[in-house]
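Here chain A shows up in two complexes: once beside chain B, once beside chain C.
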Partner chain A sequence: MESVQYATKTDLVSGNAIAELRGVTKRYGSVLAASDLDLAIEPGEFLSFLGPSGCGKTTALRMLAGFETPTEGQVLLDGEVVNDVDAHHRPVNMVFQQYALFPHMTVAQNIGYGLRQIRPRIPKEQINERVGKALATVRLAGFEDRRIWEMSGGQQQRVALARAIVNEPKLLLLDEPMAALDRKLRKEMQIELQDLQRELGITFVLVTHDQEEALSMSDRICIMRDGRIVQIGSPQELYDTPKSRYVADFVGTSNFFDGKVVGYQGDLVSVRLSDGTVVEARSLHQVADGQDACVSVRPEQMRLSREEGGLPVHVHNRIFLGEHTEYLVTHAILGEFLVLSPRQTEMNDGPFNAGESLTVSWDAGTALVLEQE
Partner chain B sequence: MKQNKRNWLLLAPAGTWFLVMLIIPLSVVLIFSFGERAPSGGVVLALSLEQYANLPARWTAFKNTMTLAPIGTLAALLIAYPLAYFLAVKVNPKWKTILLVLVIVPFWTSILIRSYAWIFLLGGRGLPALLDWIGIEGVRLINTPFAVLVGIVYGYLPLMVFPIFVSLDRLDKRLLEAASDLGASRWNAFLQITLPLSIPGIATGCMLVFILLMGEFLIPALLGGGKVFFVGNALVDLFLQSRNWAFGSAVAVTLVVVMLITVTIYMRLIARLGASRDDVAIM
Partner chain C sequence: MRIYAISVYLFLYIPIGVIALFSFNAGRHASQLQGLSTKWYGKALSNPFVMDALETSLIVAFTSALLASVFGTMAAVALQGIKGPVRVFFDLLIYVAVMIPGIVIGIATLIGLVTLFDQLNPLLAAVWPEGWTPPKLRMGVGSLIAAHTMFLMALVIIIVRARLSGMDRALIEASADLYASPVGTFFQVTLPMIFPAILAGFLLSFTFSFDDFIIAFFVAGSETTLPIYVFSSIRRGVTPEINAIGTMVLAVSLVLLVTAQLLLQRGGKKPK
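Moving on to the complex of A and B:
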């Protein structure tokens, strides 16, 4: 009973999902909050739900926790359907957005709350010991007898975290746990949370609408839009091979050009842009001649040059960022776009000045044809 | 300095009111209580403790008040809590306001009229007749302590419902989700989270009802039929009928003292219950 074995990252390959959503849909009256979600959460992974406000992230999390029942589909924990299992019977714990700490209890009483619910009862000394350990884990040793209102925002967040992990849940759900913290503290907590996850080996599911947070912390990110999952993948996959313009725009920044497909060879597609230029780009999905297409090029893959060959632009604005210099350039027909020029280019070609006429080019393989959404 | 002056201005209306309506009359009553009865009624000022020595004559009134007021408060609490809980937690928010208004609807008619309704209901041709009809004979309700209890619980229920409703309504529902998430059954979550966090409402409600019950005289007069009388009834009698102002004043002063002592003990108890820092608003 004492220590439960938790899966580690190496189990990832085994494919035994610790939690699963199968065709899960949730409606609130006429509002479709989640639509046909399919997702398998692997043991020990750090998964994030990323998406704009109102896209259904909290809804998905609440169905995993057991606060909401799906309108359609199944929620599975450890291979068993748990649609009708109440939250208090699920081996899952949640860190709430506003922490939801009990105001009439001390820090230690808050953290021990879950342990005190277990029947047959756990001896008091053992509870105290585990509470002490959890407090040490979140670096709050010695704060046992404080009242909640005597703790700062960051400390409260740690108490909320300790209150969840002390129960050694199979799945820890975190609903924007850092949203209320200032930037600096948020950065610190992100690192701490990652360390903690590695240390405990508990599966984490994090909800956020901060892409940087999702990118830096997660093993996998689940991008959501209007109640749907639009793409799931590792941060790098999502960055390098976004399926849609929506994902490319949400994960990092990108330049988009609309055009029409005028031919293809293998996965290289020729697209005629609105100014008549034909560019080549890689496509991860089937395209047909004459079809509307969206070409995406990351700012760091674009090259600025004073030589001919490329899209003619002139420099609108220049921001020096150290390793990189960010240029906002304007094309007569295609409009404005962003170019990140590395320090090396800057050193060789010298800074490009505002108003200067230049050309922009990129390697065919780095541009992507995306599903227009 | 200026800020200070403004604060005084804010307090001035209430302060004046307090002085004129409470401090002065109370002082007068206190002075009277050491006086003697004038031959034609009223009072002759003196400095005697004779009136206080006479207090045992009114022992029954004190005993009735000091038993029925706490019992009435407790009964009102037991009935009001589930109602307030239902209104705050279970009811569809759309209906909340309407149902809350319904709770205070009885206040729209005078307590006198409503008590007459109870006189009929508890009287010979009301409930006892009904009980008689189904075979339970000889039940007498009117003019008993029970009738008075029914009357005061009925009359003061809204005053108990409201503060409890407010504290339950304010309760963050996520706390209950958190409790449930941590493995608490619904009943345990209620006992461990909802109930302790509604103590401020309970404390306020009990205090309000208890203090008002200590001074009650109308309901015992109507439903107790002169058999179950409160200190309030004794006061009406002494001041208005027998015109023994000196003794009446002594009874009144004693009532105030008893009330102060009880309320102080009560507040100590609540504070010890350890409701969180500023939640016990009224104290």
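Moving on to the complex of A and C:
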């Protein structure tokens, strides 16, 4: 008991994180939903939990909101342990996946709901004013007296957003907020959400399984798998220096080659691929001779050429994408992989045709040796 | 196939139609139509025995429907939070209470209450202060209301629970997320959303209680409800007056049932 209080005190002094998970584990019976999560959320940042369904991202969000209590570990808000604080006492608001708007209330009543619960009561005029301001922020001014079912999906989402931000929460939690929107609307909302976050300065925590969504909006992404955090970093860090094959595959696309380490010099590692070719790649971690290794090369780092020198392949398929052309090429032993050829190469060398025999090469510095899982 | 269906419906509804028709009979026989008139309605409504029975029926129906709605809703909300074998057990009991024949409820309540009163009355007499007449518990309006509330509660639970389980869990969480206490959430979100179901439960309960003869016959004691009055009048010969009463009860019941059905449909509709 005493140690818990002690921990709380030190947090108040040292921590400047707005929210924190410390060794948080959540079990449902024998099912492990979240395992030993450690994460500090900085004030004002836009953080995303990214992962496939069932990876524990929603559980993490629900523990921040107060809908779930961790089995082990601590959840902190503003430096205080809030494990035993009920959801309705937490200065945190959530935008639900299906919005969860109250169907028996008007738009204004929905948005003012949180303000009406506060004691001592906020004067009615003040509530109306703040509701009006929130509606203007989400560009729905004048929709106060509409009924929820009269609103389109996109409008409902804005109402849900307004209902959360009107309370000026310390943390705004978004649970797959775009899942119910069509593609075009989703793009629009992504930009709007980012603008809103900068404008309000509220810390946003987003849960999504859509890597594009996470990459385009977040300051930092927390990639999860099987209840664990796999890697945390900015979108660029995750793209350029993924720690594992899982991350490299989840953030963008990449080509993977399995092989064995045959030597290293500094952070440059030589790997013998299964066809006998030795390639060089950068490694961000310690490797030993003879160890299994996975080399990852992004499609845009690969060069196609009609000249010798490189892996011999032939073109399987060609898709013109405007600025880039995407080639699916086949190697006799290593199998199929993707190459993105820039417009410039296409202009100089002319388009490569399906069935044509070519070579593929890349700079040693752009290939990465990843941790085997 | 169609001819069978039509026959079945005719078989079911012709007697009711005949009763309604004969209630407008100008003559004094229930089996011989002699011109149309509404005089039997006037006669029924000015009959003091009918009006007494109607008053008892209305008091019993209203009170037991109200009690059943309140307790039934409370039980439905509480059961929502229970899972596992306890829940299964309660569900079973609730369905049994609805399915069980009225005659069993009637006999069981009669025996149960009579036994209880026999035990309690001497006790009450013993503890009552000297000089005051001790109250005597007996069958009557109270036992009628109790018996009706018991089985109507199960009906309300089933109706309200259907609405509750159709309700989005996220709404409750959203309310908690927006700082509302559990009590605040119940009154601001849950109750308004299940209210149509509660009202429908109330109207159905009212109708069931108002129309009930079997249970009332056992537990009414010396009281007379409208169905009991009709039953005892028939033994003295069927007059169009009985038909008039029956038609009025039918009309009121139909209106209440249709209203309840509309409420359930409208309340259950998901706003899109």
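Keep in mind that, in the parts below, the second predicted complex is superposed on the first by the 358 of 373 C-alpha atoms of A that agree within 3 Å, B and C clash if a C-alpha of one lies under 4 Å from a C-alpha of the other, contacts with A are read in each partner's own complex, and residues count from 1 in each chain.
By our rule, a contact is a pair of C-beta atoms (placed from the backbone, for glycine too) under 8 Å apart; a residue touches a chain by one contact, two chains touch by 3 or more.
It should be emphasised that the depicted structure is a prediction, and the values quoted were computed from it without experimental measurement.
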**Q.** Combined model on chain A where chain B meets chain C, clash or fit
**A.** clash
Q: Please indicate which partner A:Arg147 is in contact with in the superposed arrangement: first for chain B, second for chain C, both, or neither.
A: both
Q: Have a look at where A:Val271 lands relative to chain B and chain C in the superposition and call it first, second, both or neither.
A: neither
Q: Determine, under the contact definition given at the top, whether A:Leu76 touches first (chain B), second (chain C), both, or neither.
A: neither
Q) Just chain B (first), just chain C (second), both, or neither: which does A:Leu174 touch? A) neither
Q) Which of the two partners, first being chain B and second being chain C, lies in contact with A:Ala87: first, second, both, or neither? A) both
Q. Looking at the overlay, what does A:Met302 touch: chain B (first), chain C (second), both, or neither?
A. neither
Q) Touching A:Met189 in the superposition: chain B (first), chain C (second), both, neither? A) neither
Q | Overlap of the chain B and chain C footprints on chain A, listed as residue numbers | A | 65-67, 86-89, 92-94, 96, 98, 100-104, 113-114, 117-118, 147, 149, 163, 167
Q. So in the complex, which bits of chain A are touching chain B?
A. 65-67, 86-89, 92-94, 96, 98, 100-104, 113-114, 117-118, 147, 149, 163, 167
Q: Please give the residue numbers of chain B that touch chain A in the complex, ascending.
A: 172, 174-175, 177-185, 188, 192-193, 196-197, 274-277
Q: Within their complex, state which residues of chain A touch chain C.
A: 65-67, 86-89, 92-94, 96-98, 100-104, 113-114, 117-118, 147-149, 163, 167
Q: Please give the residue numbers of chain C that touch chain A in the complex, ascending.
A: 168, 170-171, 173-182, 184, 188-189, 192-193, 270-272
